[in-house]
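Below are structures written as C-alpha cells.
You will see chain A twice below: alongside chain B first, and alongside chain C after that.
Our next item is the complex of A and B:
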C-alpha cells in the first residue's frame, strides 16, 4: 500500500506542469530522468496490482517473457528521437508517454524480473548495454538535429549520457562475471 | 562461517589488544596528522592576526603562501592521515588483525604520501606554488607541486586497495555475515576516496603539461569541475569518518547501545552514492552551466541533507534512551545525565552541536539565490571552520583520547581527561567566536582569501575591522587548543601510564531487527554511484568541452 501511494504520488508530481516543463526543457533530462522516473512510478504501483490481480499476471506472464518483451518494446520506442518530438508537440502522445512508461514498462518489469532466469536477466542487461552504445553513437555522430525541439549540443549531451551509462553497465557486467557471490555469501 | 583460525585471531585480538605491527602503522599516521595540526595551527594564527590588521607578514612569507600551506596541511594532511590511521586501527581491531600484504600496502601508501607532501611543500615555501589549497587553473604553480599531488593520490589509492583486500578476505572467511560496522564505514570511506580522487587525477594530468609549457592553454571550467568533484567528496569523507564515531563509539562511551544497524548502513551508502555530483554546489555562481541544470544540482546537493537528518535523529534518540535508562527525566532534563565530564563524549558532542548551524549554513550556500550573497566572502570560511574545524576535527580529537592510548597500550588518566575537557571548551569557544565573526563579516561583504587591506580607508571596509578582531581572538584561543591537543596526543602515545584501553564499539539493541543482506552488495552500490555521477556530470561537461572558450594560459598572480 505504501509503495502504491509513493508510486502514485511520484506520477502525480511528474505530471505537474512546472515539473513537466523543467524536465522536458533539457533533452537528456527528458529521456534519462523523466522517463525512467515514470517507469519507477509504475514499478512501485506494480506490487498492489500483483496482489489485486494475481490471476492476470499468472495467466499472461507466467515465465516473465511476455512482460519483459513488452518492457523492451516500450523502452526501445521511447529511445527514438521522433517519439520525444511528438511527446512535446502532440498531446495524445504525451498522454501515451505518461501511461505507457509506468504501466506498460514499469509494471511488467517488476512482474517479470524475478521470474527470469539468470541468463535471461543477463541477456536483457547486455541487450540494453548494446542499445545504449548504439543510441549513444547515433546521437553523437549524427551531424543533423534529430529532434526539432532540441539543439545539436543537447543531442550530443544525450549521446554521451547513453555512452557513460553503457560504460557503467559494462563495469557492472564485468563485476558480475568476475566476482562469484557464493565466495562471500 | 568463520574458520577456527579466524575465531582464534579475533579472540587473541580482543585479549591482547592490537598487534604491535598494526599499532605502529596507525600511530605513525596519527603522529603525522597531529604534527600537521601543530604547524597548520601556527600558520592559521598568523593569518588570523594578519586579517585583523595586527600583524604584517614579511614579503618572503606572504599571506597567500601561509594560506596555501595552512589549507594543505589541515584539510589534506591532518584529515587524510587521521582518517587512514583511525580506520586501519578499526580494520585491525574488528577484522582480526591486518593481513601482512595490507599492512605493506599501507606503508607503501605512507611513503608515497610523505614523498608527495615534501614535493608539494618545497615549491610552496619557495613561493612558487601559492595557488591556495584549491589548486585549480588559471593560477599555475611550479610543476613540482603537481608531481607531489600525483604521489599523494597514489599513496591514498594504496590504502584504499589495502582496505578492499582486507574486507574481501574477511568476507570470504565469514560467508554470509555482515561486515562489522566500522569496517563497513571504512569501506564506504575508501570507496569515496578512490572514486573521488579519479577526477582530481585527471585534472592534475591536464595541468602538468600546461604548467610545463607543453600546451599553451587549459580549459578552466573542466579543470574546476574535476577539482570540485574531488573537493566535495573529500568533505564528505571527513564527515563520514566523524559520523562513524558518532554512530559506533559515542553510544558505547555513554553506556548505551547503537541505533538501528540497517539505518547506519543505509546512511553510509546513501552518502557514497549521492556524494560526488554534490561538487556542483561549489560552482553555483560559475558561468557555463544553465540555470535549470543548476537547479537540478541544488536538488541533488540538498539530497545529501537527508542522511544527515537521519543521523541527527538517530544520535539524539540514542542519547535520550541512554540518559532515561540512567534515570534522566523530562523533555530536556535527561541532558544532565549525559557524561559531560568525559572528553571522549564531550568533544564529539560539541562537534555534533556545531553541525546543527554548520549544516544549516551549508543549505544556505547550496541555494542559488542565497549563495549569490555569500559567495567568496568570509561567510564561506566561517562555514568550513564550523564544519571541518568543529564537527570533524573535534570528533577526531575526541577519538584520539581513546585511540592513542589503545594503540600505545596506555591509559587516559583523570588528569589528562580534565585537560581534554578544557581543550574542548577552549577549542569550542575559539572556533565559535571565529566562525560567527567570519559568517557575520562575510554578510557585510568582506571577501575571503584577501590579505588585510582597508581599500584606501573605504568606510565599508573599515566597518569590517571590529569583526575581524574576533578572528585574532578566536585564532589565539585555537592556538592554545592546538598546543593542548598535541601535548595530549604525545603524552598518551609515549608517557601516560601503561595499561589496557578498550576500543569502544557499542552493541546493537537486544531486540534489534535483522539487517537485510543487500546492504553488503557493494558491487550494486558502486554501480548506482557511477550512474549518479554520470547523471551529474554529462550535461555540464559536454557543454564545457563542446562550447569551450579559447582556454587560459597559466597565470602567476603573486
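Our next item is the complex of A and C:
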C-alpha cells in the first residue's frame, strides 16, 4: 500500500506542469530522467495491482514473456527521436507517454522480472546494452538535428548519455558473469 | 515455451499492439524523426503562403502576394548564422545557376527570408546577398518586420527556430517551392542540389509546355 502511494505521488509530481516543463527542457533529462522515473512510478504501483488482480497476472503473464515483450516495445518506442519531439508538440502523445511508461512498461517489468530465468534476464540486459550503444551512436554520429525541439549540442549530450549507460550495463554484465556472490557470503 | 495458450495469446496481442504502435507512430514506418514527418505532411497538405509584408535588400516593401504568377523558391535563414545558413544559401545559389536563364525572374523568383528582422536590415541583407551572387531582383533577400506575420509564416511552413544563449538560432532547413498560385508544392532536401534543380527545371518546362 505504501508503494502504491509513493508511486502515485511520484506520477502526480511528474505530471505537474512546472516539473514537466523543467524536465523536458533538457533533452537528456527528458529521456534519461523523466522517462525512467515514469517507469519507476508504475513499478511501484505494480505491487498493489498484483495483489488486486493476482489471477490476471498469473494467467496472462505466467512465465513473464508477454510482460517483458510489452516493456521492451514501449521502451524502444520512446527512444525514437520522433516520439520525443511529438511528446512536446502533440498533447495526445504526451498523455500516452504518461500512461504507457508507468502502466505498460513499469507494471509489466515488475511482474515479469522475477519470473524470468537467468538467461532471460541476461538476454534483456544484453539487448538493451546493444540498443543503447546503437542509439548513442545514432545521436552522436547523426550530422543532422534529429529532434526539432532540441539543439544539436543537446543531442550530442544525449548520445554520450546513452553510451555511458551502455558502458555501465556492460560492467554489470561482466560482473554478473565473473563474480559469484555466494563466495562472499 | 508456449505450452499454455494464454501465454501464446498474450504474446501475440503484445506483438500486434507493438506493430500497430510503431506503424502509427512512424506513419507506416516512413518517418522516424519529426522532421521527416513534418516534410511529408507539408507535401500532402500544400498550405498556402500566408500574406506577409516583405522588406527586401533594396528597401522595397511589398505583400508577398505580389510575387504570385511566378514560382517562388524559398529558404529561411539569418545573416549572422555561421553554420548551416551559408551552406543553405550556397546550395541555393547552385540551384539558381542551374535553372536556365530564360526562366529566371520571369517564371521563377528566388527568395531568402530572414527570421532575424532585428539584425537583418536592408543594408545587411544587401551586403549578404553579394556572397552568393544574388542580384536582389530575381533572387531577393528580405525580412518580415511584423513579428505576428513572421510567426504565422514559420508555423505554416513548419520552420522551427530556437534561439540559443549566444544570439544564434537553431533551425531546420529545407528548400521550399511555391507555385504561381501561392501554394507550397514541395519541400526539398537542401543538401541534394541536383535533385532540387531537376525538380524545379522540370516543373518550369512542364508549365512552358502547357502555355504553348
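Miscellaneous remarks
One rule holds in what follows: the second predicted complex is superposed on the first by the 185 of 185 C-alpha atoms of A that agree within 3 Å, B and C clash if a C-alpha of one lies under 4 Å from a C-alpha of the other, contacts with A are read in each partner's own complex, and residues count from 1 in each chain.
In this section, contacts are C-beta pairs under 8 Å (C-beta built on N, C-alpha and C of every residue); 3 or more make two chains touch, one makes a residue touch a chain.
Because the structure is predicted, anything quoted here is derived from the model rather than measured.
Of the two partner chains, chain B is the only one touched by A:172; chain C is not. By the touch criterion defined above, A:161 reaches chain B but does not reach chain C.
Look at A:147: by the touch rule set out above, it reaches chain C but stays clear of chain B. By the touch criterion defined above, A:28 lies against chain B but remains apart from chain C after alignment on the C-alpha atoms of chain A. Residue contacts after overlaying the shared chain place A:184 against chain B, while chain C stays out of touching range. With both structures placed on the common chain, the touch criterion links A:62 to chain C but leaves chain B unconnected.
Judged by the document's definition of touching, no chain A residue lies at the interface with chain B and also at the interface with chain C. If you check the complex, the residues on chain A that touch chain B are 22, 25-26, 28-29, 32-33, 153, 156-157, 160-161, 164-165, 167-168, 171-172, 175-176, 179, 183-185.
On the side of chain B, the complex with chain A involves touching residues 168, 171-172, 175-176, 290, 292-293, 295-296, 517, 520, 523-524, 526-527, 530-531, 534-535, 538-539, 541-543, 546-547.
If you check the complex, the residues on chain C that touch chain A are 1, 4, 6-7, 9-11, 13-15, 17-18, 21-22, 25-26, 31-38, 160, 162, 164, 170, 172. Residues 59-63, 65-66, 69-70, 73, 77, 80-83, 85-86, 89, 144-149, 151-152 of chain A touch chain C in their complex.
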